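Next come two complexes, and both contain chain A; in the first it sits with chain B, in the second with chain C.
Up next is the complex of A and B:
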């Protein structure tokens, strides 16, 4: 026991010797992660608030009614804040589509307006989008096309019915004026449908704003990859140290415990290095997190203890990867591949709500997913027992596996 | 008899590495174990040091079977594995402090084994800046912390210059004269000059060998 304590102190000394280099590496990574977080948050905010879906319109656009309709939608309808309709030739649309400048292409078939004028609905407008954009937007556009098509045909039927009624009543001279009146009335009805429905955005990760989602995601990504910064601690050279320790009565359990506690010191320093600029940014209002708006760094300080269990669990995972990999280079590569892969699957780069169901389930099961659920719940102020349990289970699994690997190496 | 090793066997899965290791040594003796690469020399020493477990066999020292009571091993046995069991970022002092309390360390440095090994001359040097000879001497220094009666050395003179080898041999000579038992696995013919008994480890068994200075004859028998 005394020798296990001495080994722990020796590991602490090692960690202290590695600290200057570690702090420098932390600063570089903090700048990179911070820049990435700012970029993602800014991009997310732009897409949520500012950018519009650009849709190319091709085909038979010669009819004046259609031109009037497009102009009305672009100038008067509420959708003008969301959708930009751009008339263009087929070739122009193809080129723009391939360059990614268009969200989708709407193709108006020949004779569409004649079909509408005669009260038929037999010409289909085709709406083309790439598979990657087959999301909520595509679905909404499909629904809008359907609704518009029905509205136009039904309105036309109403106009024909009115014209027939006026003719039957011998009021033929009023037909032109009344048709214009009914057209305007119908257009007004369609264009003033602002209160037709309302979309409530709950946010990501069980209610987090996009900004807080990415903010926590970037901190987790930093923790997930911090093993790369601390790799020097794992440069044990050969297994002679472990064999010698065992011969002196310090078994695999005490070896791992001593090394892990020292490793946690480095991880904690890295976490503090990351949190200092983030806290400063929040205090000065440089980072806009809606949930913490106008509260300075106080909510972030309350949020910090939530990060620690996740940091310990990730540290255990990194420890296991370095222990299981043969050599320091393999250890670093496995950290990188696992870190990036897990981070992506668990939605650190992109909200996992957009992933397919199975991928989302897999991402949630991973250690990175358990940490994300834990931290996101912590950001909202209440961590469920299941989130605690998941983090604890992964921590135990990784520490247990690490001890097993060390034990098997010296048996 | 100070130590008596009987019937040690060890297999890794189906591969038998040691089939029947039996030998004995008296206080103040030095036993050299030779063998080709992969013959099991390091495995044998690590079993005796309590690092690896044996499938069967016994290792008696002063009437106690150390394989059955591995808790006693650190008190009576020092083990220097083939690589240097040192933490590279730390100085010689820091590495020694893992095993010695401050008072004992100072005493050993001024008049004990550590002085004999000449460790006091590079106490503040980080291990990563040490020569191979310094590292080996420091490793031995760490191993003899409990003034053990048995010292196991796995290739102690590998890749060392003649001065370092001589330095280590001088220490081992004093250690033996004080009643310690040295067991070493070696490839170096010069190490044999120090030994009272020599064994060749072949086919998982120890074969006694009388070294007469004919190195080619020795190689032919490995």
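Up next is the complex of A and C:
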């Protein structure tokens, strides 16, 4: 027992030696994340003040009907609050897109209006909304263009059909006037299309707000990946030392316990380092979380103890990965892929509600999912027994497996 | 010299491939990609909408089919009655419910006759949100084809004075001139049409995740080289030639990882075409090799190198277009190899940019190597 205590103290000293570097790295992470959060908040405030997605329009914009269409979208349509269409040259648009000043570039082909007027629709408006492969934003833009396309093609069909009826009746001379009238009627209907739905907002909020969801998700992601920061502690693992310790009466269980408790010190310091600026931000009202609005840092301080069981469970997982991975290289890479993979599946990046049913179920089963459920329930002030049990089970599993791996190494 | 490097490369490769744990670790990336790629085929959406459409109504039937068959960013659940749809919103099973009028077709015709827009759907929402605003636009687009058709029939009968025209005749004329297809097409910078790549938003971040993982393989290789150097493995190589030795050691790791990266992209469903992928991956591997070696030389000790892992990961997650696509911080983005790689898949401009950046990194490393070897 005395030997085990001495081993624990030795591990504690090793961990303490890493602390200054770890604190420095934590501070860099906090600065990075803080700068990003400030930028996102500033962007959010700018959009709340009326800043819109700028879309560069290039190509043949000379047609007066097209000009009228763009003006109508800018002046009368509901989309005017979200989108700004900016006519510009191809080169200007390319440069602005590369600089990140445009959300997308739309190219109007030559003869588009003729093609639309004659119902051929063989000239497509092409748009580029991303430099790399498409993501969620581009796919949402695809939905919006589908909506716009449906509105235009259905109006076209109605007008051509009316024109055909008149032509069949031998009333060709009326086509121009009637087309203008029907066109106007349809444009009015398109502009007031929002009236098709009678919206009832129930205002139910038994879950977390998106802000608190991401706030807790970011803290959990930091805890999940903090193993990368503590990798130096595992850099000098030596099988011979473990066998020697065993011979001196410090078995696999005591070895792991001593090392794990010392490792927890690093994890706890990392958590405190992260929470300090968050608490400061909440106290000063820099971070807007609806559930904690106007309450300063007090609700966050009450929330802090909830994070600790999740931190201990993640520490056990990281410990197991380093122990099982044989070598620092494998340890780091498995930490990374497991951390990001689990974080993604459990909804730390996108809300898990975005995922298919089976993926959600898998994400909830993983340790990251158990931690998310636990912390989210804690944020709402009521942690069910099942959430406690899931965290405890994963903690026991990881510690048990780590002891088994060490035991098999020292045999 | 190149012969020796090749021998060293092959020996390192042999050492790596003999480690079962390394092979198992490499398998984690394709496993994640295959898992997500497979599961992403199931219905999913950024918002779930419970649909109640009256039975026996032709318009309702068609709207229901159109929405339920669509593979968009919303997920629809069909409900047998209005109460059930409302309950789904109340219990959180759905974010919104769209409850269509019992006499939908008649109501549309009546409104079209007056050329007025009035509610034909009750939209019940838990809380208003951006996905639900988009959802309401999709709802309007689903109703509009019936509405515009009814406007056309009403116009012909009332305004043109052709009340005697039968429904069949009006429909036949409409169908004969109906315009179909989209007016818009998404294209990439290299003119590849968006629909050439068939993957969902669930799969989309996988390439970014894999690119970050690949960069960390390079960092792990640099760490491994440092440990080997400390053990005296490279004792016979003069300090001035250590840079080429570290490139050889890193290349052994990155070659295996590059094969895994390509396989994982294929399994994830984000693979484009073989030639393009191989070229981008090769330049990316060279860039990562140069980047991680420069970091190794700047950090000098494994402990310091280990310390930058988390900040670097945070920077890559925030600045590279994996989950977020921030428009600012361009200077920071230009320093990160995954950013070039993710942009280069459809834009050769970034491929050249990545090659130039690699050359700069190698040049800086060579200068640093010279300075450091003089001070030894």
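What we mean here is this: the second predicted complex is superposed on the first by the 235 of 411 C-alpha atoms of A that agree within 3 Å, B and C clash if a C-alpha of one lies under 4 Å from a C-alpha of the other, contacts with A are read in each partner's own complex, and residues count from 1 in each chain.
By definition in this document, contacts are C-beta pairs under 8 Å (C-beta built on N, C-alpha and C of every residue); 3 or more make two chains touch, one makes a residue touch a chain.
Since the structure is predicted, the reported quantities are computational estimates derived from the model, not experimental observations.
Looking at the shared chain after the overlay, A:302 reaches neither chain B nor chain C.
In the overlay built on the shared chain, the residue A:410 is in contact with chain B alone; chain C does not reach it. Taking chain A as the reference, the larger set of touched residues comes from C, when chain B and chain C are compared. Of the two partner chains, chain C is the only one touched by A:225; chain B is not. When the two complexes are overlaid on their common chain A, residue A:334 makes contact with chain C while staying clear of chain B. By the touch criterion stated above, A:240 is placed in contact with chain B alone, chain C being left untouched. With both structures placed on the common chain, the touch criterion links A:13 to chain B but leaves chain C unconnected. With the contact threshold set out at the top, residues 18, 235 of chain A are in contact with chain B in one structure and with chain C in the other.
For chain B in complex with chain A, the touching residues are 46, 49-53, 71, 73-74, 77, 79-90, 94-95, 97-99, 139, 142-143.
Touching chain B in their complex are the following residues of chain A: 3, 6-7, 9-10, 13-14, 17-18, 235, 237-241, 243-249, 410-411.
By the touch rule above, chain A contacts chain C in their complex via residues 18, 21-22, 24-25, 28-29, 32-33, 36, 39, 99-101, 116, 119, 121, 124-166, 168-169, 171, 174, 178, 181-182, 185-186, 188-190, 192-207, 210, 225-226, 228-229, 231-232, 235, 324-330, 332-334, 336-338, 340-341, 344-345, 349-350, 353-359, 362. Only residues 19, 21-22, 24-25, 28-29, 32, 35-36, 39-46, 48, 72-73, 89-90, 92, 95, 98, 115, 117-129, 134, 136-141, 143-145, 147-149, 151-152, 155-156, 159-160, 162, 165, 170, 173-174, 176-189, 194, 197, 200-202, 204-205, 207, 209, 212-213, 216-217, 219-221, 223-224, 227, 270, 272, 302-304, 306-311, 313-315, 318, 321, 323, 325-330, 342-347, 350 of chain C touch chain A when the two sit together in their complex.
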